[in-house]
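Each structure below is given as structure tokens.
The two complexes that follow have chain A in common; it is paired with chain B in the first and with chain C in the second.
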Partner chain A sequence: MTSIESELRPVPRVPLWRNERVLKIVAQIVAVAVVVALLRWLIGNLTTNLNRVGISTDFGVLRQSTNFTIRDDPGFAPNSPVFPNMLWVGVKNTAIASVVGIAIAVGLGVLIGVGRLSSNWLVRKLCTVYVEIIRNIPPLAIIIFFGYAVFTYGPFPIFNPRNPPWQVKLPGSDNNFLILSNDRWAFPSFMKDGNVGIFWILVLVAVAAAIVAWKWRTKVNVDTGAPHHRVVWAFGVLVVLAVIAFLATGVPYRWSWPAVSASGRTIVGGFGTNAGYLSITGALGLYHASHIAEITRGSILAVPRGQSEASLALALGGFQRYRFVILPQAAKIGFPPIISQFLSLTKNTSLATVVAYPEVTSLVTSAIGNGKPAVQMLVALMAIYLLFSFAWSVLLNSVGRKFKEVSR
Partner chain B sequence: MRSLRSTSRRRATVGAIAALALIVGACGGDDDTTDSTDTDGSVAIDGGGDQPDDTTADTVEVVQGGGTLAAVKARGELVCGANDTLPGFGSVNEAGEFEGFDIDFCKVVAAAVLGDANAVRYVPLTAQTRFTALQSGEVDVLIRNTTWTATRDGQESMTFLHTTFFDGQGLMVPADTGYTTLEDLDEANICVTPGTTTELNLSAVFQSRGLAYNPVVIETDAELRQLYEAGQCEVWTTDISGLTAWKFTIEDEGGAEQFILPEVISKEPLGPGVRDGDSEWAQVVDWAVLATIQAWEYGIDSTNVDGYTTDDVGIQNFLGQNAGDFDPGLGLDPDFAVNIISQVGNYEEIFKRNVEPLGLVMEGSPNNLWTNGGLLYAPPYR
Partner chain C sequence: MSEIDSTAAVNELLAQVPPEPRVREQLSPGQWVKKNLFNSKLNTVITIVLAPITIYLGYRFFRFVFVTGRWEPVRQNLELFMVARYPRGERWRILTQLVLVAGAAGIGTGLVGKRQRIVAAQTGQPLPPRSWRTYASSYWSIVLYVVVLLAAFTRTFGPLLLTLGCITTGVVGYLIGRALPGAALPYGWTLAALTGVASFQVLSGTGGWAWFFTTVALVPAVGAVVAALPANARLVGAGLGTAAGLVTVILKPGWLGGAAIVLGAFALFTALRGNRVDGARLGLLVAAGGGVYLLGRAIGLDGIDWANWGGLHLSLVVASAAIVLALPLGILLALGRRSKLPAVRVMSVAYIEFFRGAPLISFLLAATFFLGFFLGAGTTLSQITRAIAAITLFSAAYVAEVVRGGLNAVSKGQVEAGQALGLPASKVTRLIVMPQALRAVIPAMVGQFISLFKDTSLLTIIGVAEYLGARDLVHSQNAFRGIGIAETLVFVAFGYWAFTFTMSRESQRLERRLGVGQR
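Right, the complex of A and B next:
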């Protein structure tokens, strides 16, 4: 009774300086003001110091022409401006290296992480040896090993510069399926040829149709209990509609086959990669795989043992146990540290400058060496890496939310 | 749950109050001091407040009006930005010591300013880091096979001094390829160091000839050599001096025979440089370098400089023998030239010691005294 009475008693008005809400807002305003003042002071100092030694702080210089050429980018003219052209080439190369590197790292890392928990003695030990060796070598050393040992003095005849490029023809045709030489590998690729915009709009329509099909099969399953087969349905709808769109828009992409140029020095057509690219993606993929393996193992071990025992009691097989019980729960635990591995791999591509791969950092430092102002160029570079990290975070956090729903 | 949440909220409140208290306290403190000093007179506070401003103003003046000379003398050591990977010009020998043509000019400056050619700390710099290192004051002087260009003189806030080596850009290929002209190199992979005039010349020359090429950009010469010898690039381009040095090194260490194309595609005057805005220091470095050329012209070298006697007043002045009578006001000791010549040598000695073993000849090149048909010409020391 007394407690109810005390709660009902009118609360006395709290004076402003003891009002929790007011105090919090004031404290935050003060904090922001301090940070802004500090930044203003630092930037003011920077500008004054740069002006004193006569260095311009104007970002207009980014419009000046780059004046140099870029490896394996014959389309890049030396008179194109630093911003956006040169930076765009750099961003493109960084993205290609990091996305492929991440694919290697995740695929290999998850396999090795699961392998370390295998009941097979040999598999377990091999995976442990891999992790313990690779994890303890600095990534730069691995990149240099790939760039200078594997691709220069490797025991493979294709890496001998005196040999002509090794061309693998598609059976019964004159088109090269693969070209390997000491400094570049080339694969067939697609080439734009026609109305690409309309094709991609139609693909979006196909994706929408696939989502509708997925929802419909889910509803059928919930309502009638019939098997949903929603993966088959959605995927089928997508592929069929995309193929129709592809043919309807007059085949907007054609195969581009790699061929050795007349001088025998370069490869025209196809998707060409150089030793620098192979070194950076391979080395970073292997290096980060060792970290992802440990994250995977840790996350699996963090799933309570009872879950595994319960699935054994339900007579689930090894694959089913992992697919339906262990991995969904482990994924939830392992996701945040794996995101940071993605970010760190993306940032580590900046080491590619030692193997002459023109990613964004090496192009920016090259431009600085050639007379572009360091401060502006580095600000642009930092902004680019920030955008990369931001993109990864947005993408992966949305996927991570999905995992949470699954494991409840 | 409820209790947990309420404690956390309380903690937040306490934090906010503490933060506020700090701020309020700080303000209060300020008020207190102004209040109390109002009676004493606000002069003391004003003086205290102005003091930091004064000091910053002083440093600004020091930087603008020079100060590097005084700073180097006070430190007792010259900080020289150098190359550590270019044989013959700037490299580290087996004993771990820097040696080479450019390194000797670091020693020349140290001998002139400090009287001791070995009072130098070398900071190895890459082509890309060198200007930033100079701008930021990390090094006093940059002597790292750096080409004098308008942009570097202007935008990079560097003052170039007397050219020590007249160079030009060339291209080197393995001799067994048989390439002899630029046209043979269409579509070739060309190894080049980034952030160099070489990179820009290459692009300009190939574009003007309508030739294609693929740059393989590697930061240090040592790494570049690995890729070049492994055939990742068929052509190596840099200054002829550097190519000659590497040709010598590769062949000397049992590598394939190399061929430098006869075509020289640019002018590359290499010389020391200092930060803009310190003309006192620039003059000192310039005259230290010029002294090696002047000594050569006078026929004075490290073997005969000690006890050199002459009736020529000009030479007496140069060697500081008329110290009371003649002082050009450069801020250098009267016997600076003697220190340079006795400890390092004259230009000819520096050239013959470092560059000739690589196979670069002085005869017929611009790197010769003007009296021998070269471009080395020191203004009169009087």
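Right, the complex of A and C next:
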């Protein structure tokens, strides 16, 4: 009896110090406590030390004025350049440089990546040489090369009244097509002239019409099996309607040609850019193109060879094979690493401080150089980059999810 | 910066691509040209357009290098590019260090080859194929760099002698490594590690933690000694640790002596409880550590102030120091990120995402402006210490992601097998998961090192004269103000390219040899 009872008795309770659940909770509490204590110690040191040497640790300084002006930014009112305004200008410039850099990098990178798989020996070797050289050089060296060897000390003339920049005229006209100097370039651009609002409303209508055309062609294709040609149709509708709208609203935009001002110091008209912007976008575009080329090549090679053979068996041509079989699958493989390149490029725009392009890092560095407290400035800077990273990773995740749904 | 993502991703992608069978076709030159340049209408057009452009660009490049290039700024300032303002009277340290590093690398290479042969003999598998071609395809760029330096930019015979010295010690080290009998391999590893530590010693003096690195270098040898000892002698070894701890605490009271005696006592306790091997190992290490520490204090060499370091030398030192320091931190973070404890996981993720989310330059600026304020009052840190700290914290996040990839690659069955053997979680991680995970990520880790090496160029922005920053010193001389800007940049880029290209080739070779991704 007693033995059976003893066997039926519940297992003796595990003591607290060996209970896994308790141990886990204790371990977490200890870990959090250690980290919190460490952070408190560090931040406590920081505030006491900063207060000791009389540096403000108050984030109110972020609302003060910045005491300096930003080159080439008329929108940044010089009489009230408060810090949030300055950050906003910096964020805009970072975003512009990133987007343009990404456009260059993707265009060039995909081309070179496909070129490395070309059947033409010359193309293959040129692309390989490009990738293997550019990928192994620090981006900062490329940026400095553009900023100083191409622009500041480069072949272009110094811009001053006695020494006019190169002005490339359109043949048979007096308008400058390009103005080139060692610290600024100018391109033609558009100028508002007339009823812009109505024109853009009409363009929206054209977009809607293009979407309708796209849906209609898709439906025709689904119902009858006839070729849809929806890209041609939609694009055609859009262009034709937009041109009609442009003419009907009385040509609301006109060319604006760049010209050297009467004083010979500035450029009027056109779209003027400075050497910093050209350096950062050009250098980062070239540098990240080498990485995107590798991703492109890797993704195309990673598509199983059976897919290619199957499309040959279906008698698809070379273009069709790429367009309908290989590239869709390669894109699925290559998109996540390419988007992480976008993130990396956005972070690399911070190197523009060496070529004085007013993006957010160089503005913050200037503000610190002007006596602003470094801690608050850099915390704000890191927060901005974390937001950029967050934006890219949201995109990355949504794209990743979309591809996961597609893949089986 | 973070291009590791793409490099690793691409290498992973390419690892999945089955290698194409290499068929060497015999083509006449005419056939070759037709097949490779004019095989379709489009390719004919491309070739006809591109060929003149390529020839013209090649011609311009040739002219730039050999005719128009003003290489005087580089030739006159090669020292600045290599070591910046390292004091002249102390140059012998760098020279000795280079020679010693070559020796350590030689011993290490010899040992690896030796071990491969032993393993091949034991398992009956063939040795990995090797030929001069594979070595040439890995190392031609760095050899080219050294040859160009010696042939075009040196003005004395010193560098040539140094190169010959390095080659000699490297070869001697290799022969030593190869000649060691199988049982002596652990001593060989200790020899290589000690040579490495000695090279660092020569540079920075016995100050700091040199005794600690020396003790770590002794680990393989101590293990081999303990394995060879009879059981009773092992107990003596453990006791020796306690004795050494006592001596240390008498000669150097404080936390160090205290730690020595606690560790020594723990070693003896372990040995008495029955685990004599572990006890003896720990005891002998404590004894060695105490001995080295006291000896180092007795002979003492003054270190060289970090502030005087610079040039390519500094770039390499910073990159190596940062990867060595970031590796343990990164492993911890990776384990934390996979931990079953939510609080630990959240904190690791927060760390990783914070450091991956902002650019390195913001951390370098933060380190420059206020890293010292985080520590106790009165702490002064040199600019280079700050930079290494920032780069270490930054790259730990990336290392963590690399290691995480390796951890994910270890199959679950391995963990379950470990649990089935009754191993505690810590031993499963340490003995089963980690070795496999780290082996799988060696190529990705090399990629991380490459990107770290390129990132050291950012030190220029915070005013440190590393390899790229040495340019500023050159062009601030009156003679070279605004002269040879492109030339110095091309020279610097050539250096970075030579090192990173070699490393990436070597990592590809490693990847093929380890067969990563082919399981």
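The rule is simple: the second predicted complex is superposed on the first by the 232 of 408 C-alpha atoms of A that agree within 3 Å, B and C clash if a C-alpha of one lies under 4 Å from a C-alpha of the other, contacts with A are read in each partner's own complex, and residues count from 1 in each chain.
The rule is short, and it goes like this: a contact is a pair of C-beta atoms (placed from the backbone, for glycine too) under 8 Å apart; a residue touches a chain by one contact, two chains touch by 3 or more.
Remember, it's a predicted structure, so these values are computed and weren't measured experimentally.
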Quick one: classify A:A31 as touching chain B (first), chain C (second), both or neither. both
Let me test your reading of the model: by the given contact rule, A:V354 touches which partner, first (chain B), second (chain C), both or neither? both
Which partner does A:T365 contact after superposing on A: first (chain B), second (chain C), both, neither?
both
| task | Would you check which partner chain A:V232 touches, where first means chain B only, second means chain C only, and both and neither mean what they say? | result | neither
Across chain A, the partner (chain B or chain C) reaching more residues is C
Touching A:S299, do we find chain B (first), chain C (second), both, or neither? second
In the superposed arrangement, does A:V99 touch chain B (first), chain C (second), both or neither?
neither
Quick one: is A:E20 in contact with chain B, with chain C, with both, or with neither? Answer first, second, both or neither. first
| request: With the two complexes superposed on chain A, say which partner A:V251 touches: chain B (first), chain C (second), both, or neither. | output: neither
For A:S263, select first, second, both or neither according to whether it touches chain B, chain C, the two together, or no partner. first
On chain A, the footprints of chain B and chain C overlap at residues 24, 27, 31, 52, 148, 152-153, 353-354, 365, 368, 374
Interface with chain A, chain C side, in the complex: residues 1-3, 5-7, 9-11, 13-14, 16-18, 36-37, 39-40, 43, 46-47, 50-51, 54, 340-344, 347, 353-354, 356-359, 361-362, 365-366, 369-370, 372-377, 450, 454-455, 457-458, 460-461, 468, 471, 482, 485-486, 489, 492-493, 496-497, 500-501, 504
In their shared complex, chain A is touched by residues of chain B numbered 9, 12-13, 15-17, 19-20, 23, 60, 63-64, 127-128, 131-132, 135, 151-152, 155-157, 186-189, 194-196, 199-200, 202-204, 206-207, 212-219, 223, 226-227, 230-234, 275-277
The answer for chain A against chain B in the complex is residues 20, 23-24, 26-27, 30-31, 52-56, 67-72, 74, 78, 148, 151-153, 160-162, 182-183, 261, 263, 265-266, 275-276, 353-354, 356, 358, 362, 365-366, 368-371, 373-374
In the complex, chain A touches chain C at residues 24, 27-29, 31-32, 35, 42-43, 45-46, 48-50, 52, 118-123, 126, 132-133, 135-142, 144-145, 148-149, 152-153, 291-292, 294-295, 297-299, 301-302, 305, 333, 336-337, 340-341, 343-344, 347-348, 350-351, 353-354, 361, 365, 368, 374-375, 378, 381-382, 385-386, 389-390
